[in-house]
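A short worksheet on the structure shown next.
Each chain carries a letter (A, B, C and D) given by its place in the written order, and its residues are counted from 1.
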Amino acid sequence: MNRSSEQSPESGLRARLHTLIFEADTPAGKAFDVALLCAIVLSVLAVMLESVAEVRTRFGPVLHLAEWVFTLLFAVEYVLRLVAVRRPLDYARSFFGIVDLMALLPSFLSVLLPGAQTLLVVRVLRLLRVFRILKLGHLLGQAEVLLTALRASRPKIIVFLGTVLTIDVIMGAVMYMVEGEENGFDNIPRSMYWAIVTMTTVGFGDITPKTVYGQLIASVLMIMGYGIIAVPTGIVSVELAAATRQRPDTQACPGCGAQGHDLDARFCKRCGTALDWAHP
Amino acid sequence: MNRSSEQSPESGLRARLHTLIFEADTPAGKAFDVALLCAIVLSVLAVMLESVAEVRTRFGPVLHLAEWVFTLLFAVEYVLRLVAVRRPLDYARSFFGIVDLMALLPSFLSVLLPGAQTLLVVRVLRLLRVFRILKLGHLLGQAEVLLTALRASRPKIIVFLGTVLTIDVIMGAVMYMVEGEENGFDNIPRSMYWAIVTMTTVGFGDITPKTVYGQLIASVLMIMGYGIIAVPTGIVSVELAAATRQRPDTQACPGCGAQGHDLDARFCKRCGTALDWAHP
Amino acid sequence: MNRSSEQSPESGLRARLHTLIFEADTPAGKAFDVALLCAIVLSVLAVMLESVAEVRTRFGPVLHLAEWVFTLLFAVEYVLRLVAVRRPLDYARSFFGIVDLMALLPSFLSVLLPGAQTLLVVRVLRLLRVFRILKLGHLLGQAEVLLTALRASRPKIIVFLGTVLTIDVIMGAVMYMVEGEENGFDNIPRSMYWAIVTMTTVGFGDITPKTVYGQLIASVLMIMGYGIIAVPTGIVSVELAAATRQRPDTQACPGCGAQGHDLDARFCKRCGTALDWAHP
Amino acid sequence: MNRSSEQSPESGLRARLHTLIFEADTPAGKAFDVALLCAIVLSVLAVMLESVAEVRTRFGPVLHLAEWVFTLLFAVEYVLRLVAVRRPLDYARSFFGIVDLMALLPSFLSVLLPGAQTLLVVRVLRLLRVFRILKLGHLLGQAEVLLTALRASRPKIIVFLGTVLTIDVIMGAVMYMVEGEENGFDNIPRSMYWAIVTMTTVGFGDITPKTVYGQLIASVLMIMGYGIIAVPTGIVSVELAAATRQRPDTQACPGCGAQGHDLDARFCKRCGTALDWAHP
């Protein structure tokens, strides 16, 4: 609401374009977002289907046409977005601006550079548009809570990842020595791949220890990995609990403006002012 | 208790049928439920055993007979249920009414359409009757707490699933390009299947990365999946803790109206008034 | 302590035997327990080593002798235990009494019935003696907290297991129909084994879906299993937090004797008496 | 800060060396740590690359030179560290002192004993230097919280590991008898390896049950392992929540001495005294 009142003194057309394309509050804006969402999903499905050999043989030209139709639609949308905002460069340099542009480039690139393999590499980025689903509805608030919890967990998770990688390097080297090249542990990087496969409890089974000592070390690594799963789970649980407990940021103390009070707080923990919304 | 007093002015037979079939409070009702439960489990076991080639060869006719006996029993039960309730259509359209009907249809369908394969597809639904076990005893309250926690977690879990699927699509496409068809990553849908197998730490090993870059990307995906396990666990833990901690909202302090008291609290934690419902 | 004061008016020898064998508080009792522990571990190791073909060929007679030495030692210990308690039948019928007896029987049985295979089946039970390690030291208190939490989680875990088994049966039947016998899903029980392997994220890869629809259903099952891991973890976390938060049972309210107060409680939640031990 | 003021009356050179090498607070000290970190990572990468057959063939001599350059650099660093501290023996006997020395030995050992295999075994220990990354920046505090939580969980985790190992031994023996040597369960230790692979949900698939009873027992073991994951996660969550919630015990309220305030509390939650250390 604050944003729309800021932008009200703009030129009428741009304001309406902005409301239509960037906001999901009005019926027209919502319809645009849903239509865009469908177009993105369909274009992603087209890319997926084109990778299936049987489908490519039968529907290749149709899928190729669909790809160009979606590319043109998204190009028009990209230009409209640039027009709709007051500072087009700011949008172009934002995360979604870059993603929007990158979702267009591979199709045009494929004309200049007909290397199919290269084209496919970049086309994948178009899939990132799916993230825009999050713009719809009330899910944003929940995504916010998740992100707050993950951001608060970051330092602990860095320490945790460092420990995991260290164990991985050491275990990879140990298994390379114990099992050796004759059992599939060809070199330390490959052993490290095995150690990650094992420690994360994925366990593909493409490389497995054959010797008694190798199986013993693998057993220790597995139980360690099993226990280590507990750590990030504990971290995220604790931070999520903290993020959930706090009120939304819009509910600030009337006395000092402090936010983030507990849900059952009756007095501001900063200045002691009674919180008038508190009637649990 | 409220429900039985509502239904007391009904006709005597229907009321007794209702008590027998729909309620598990009286000895007769309990016996009926246990007998029904056994019949359902036995009928499911018969379907299972019939799928085993050796058993089918030896006991085929017996199992076929058992199937029809169970079908007739359940048909009689279905009719009695329709008779026992005041508004039969309401029951027929309820979740368990539909399941009860669907548990009967495949057997009758198999007469008209002798395609064994088609029959089996629908027969599976009979297994849903196992859910009725939950009707027995004090477990319903616990199921309620679990459901409350899961319902409260739903928006967060939708955001989480969206993120997982997005990562899955991107990783599937990246691995399709990096590994290619010669290493089993035949097309993007198949690569996405692999990405889910890997990210969920299942790791069948039917498709595995062979190239160095593929193994590197797989390692990143595995550690991500490992960390991502933490998120739904954290979500459910927090919501379960909230659902467990609180009494239903209908039980407010008679003095100050405060809710959310501990399950064994005898005095209001806000104002000290004795909580009259407390008899731990 | 209460128990030893109860047993003080016993005959001197039996009391000393009881202290030596059943209690770990005196130095002699502790030494006995440690020695017994070593003997159990060694006897289990002997059983393990005898199963290894190379070891059996070389050290077979030595291991056979060791087995009989341990059997005689444990037999003497069993008789002493019967002598040391006032009501031998109560001990013989208790859990550890039965385990102690079963740890002896297989060796004697192997004389009468020289079927090696049968013998091995029962010998395994001797390993249960390892549980007695828990008797040592301060770990019992922690085991108590874990057991309290698990016992409190039981109803929720039964509901959870019921749901998992239902999903397993339905998914097993669906995959049996979708994939069929040509892809390794020979019958419903085998498909259910696959569904459990998949849902628990173990993923052996001995049976894997080959068709597109099978892989799609498997993907859904994997993501479900992934999310379902969250539920028991949440349950145990919440109950463990509750079990940890409560004071040991020895600290009762001086006013009404109520136990299980929160760690930071200053007044009894039952009767309001000030808790004199509260000085956090 | 306290430590640097203690060490201020030292000789100037040693003090400056100490600040440079052991502390990361000054720009020079930080630069030294970052340079050391890069050197360690590069030397570890060199060891890794040398294990890859193709790289060894082409860049063998270069990597060999690099190994010696790093060894000499680390040797100089080790001597400087001994000089920089007041009690060199204390440093030499500390954990990082021993790791620093062990990171040097393998290179020198390889001259005396040209057995490449032996050399590699010890070289791995050099990787432990990666742990020193934790010395940098504000991550130490988070590592502290993690360690506090893990230390508090230790007795519960020992009980838990004991239970897991007992189940493992029994399940290994049972599967050895049920499946037998013809299905890959060659002996009890190998069956125990399989039981750990299964219970930790790793599931390599190198050994899998083939008989119906084996698959039934494996299913039970998998669901048990699935549920057992919940226990360490719950333990760590609860302890992490406790470790995160509380300030270090040294920070008590100046008014009433109460400890364990929230990290952003400005007033004592017991007596309302302003907490003078609070500057969030």
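We take it that a contact is a pair of C-beta atoms (placed from the backbone, for glycine too) under 8 Å apart; a residue touches a chain by one contact, two chains touch by 3 or more.
The UniProt protein names, listed by chain, are A, B, C, D = Voltage-gated potassium channel.
Computed from a predicted model, the values in this text were never measured in an experiment.
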item: Furthest chain, CA centroid comparison against chain C; value: A
item: Interface composition of copies chain A and chain D: same or different, split at half; value: different
item: Pair from A-C, A-D or B-D with over half of its contact pairs in common with A-B; value: A-D
item: Geometric centre distance via CA averages, chain D-chain B, whole Å; value: 41
item: Inter-chain centre distance, chain B versus chain C - centres from mean C-alpha coordinates, in Å; value: 29
item: For chain C, residues contacting two or more additional chains; value: 189, 192, 201-205, 229, 233, 235, 237-238, 241
item: Complex interface listing, chain D residues touching chain A; value: 44, 47-48, 51-53, 117, 120-121, 123-124, 127-128, 130-131, 133-134, 138-139, 141-143, 145-146, 149-150, 157, 161, 164, 189-190, 192-193, 196-197, 200-206, 229, 232-233, 235-241, 244, 264-267
item: Touching residues (chain side chain C, partner chain A) in the complex; value: 201-205, 233, 237
item: Interface residues, chain D side, partner chain C - complex; value: 155-156, 158-160, 162, 165-166, 169-170, 173-174, 176-177, 181, 186-189, 192, 198, 201-205, 208, 212, 215-216, 218-219, 222-223, 225-227, 229-231, 233-235, 237-238, 241-242, 258-260
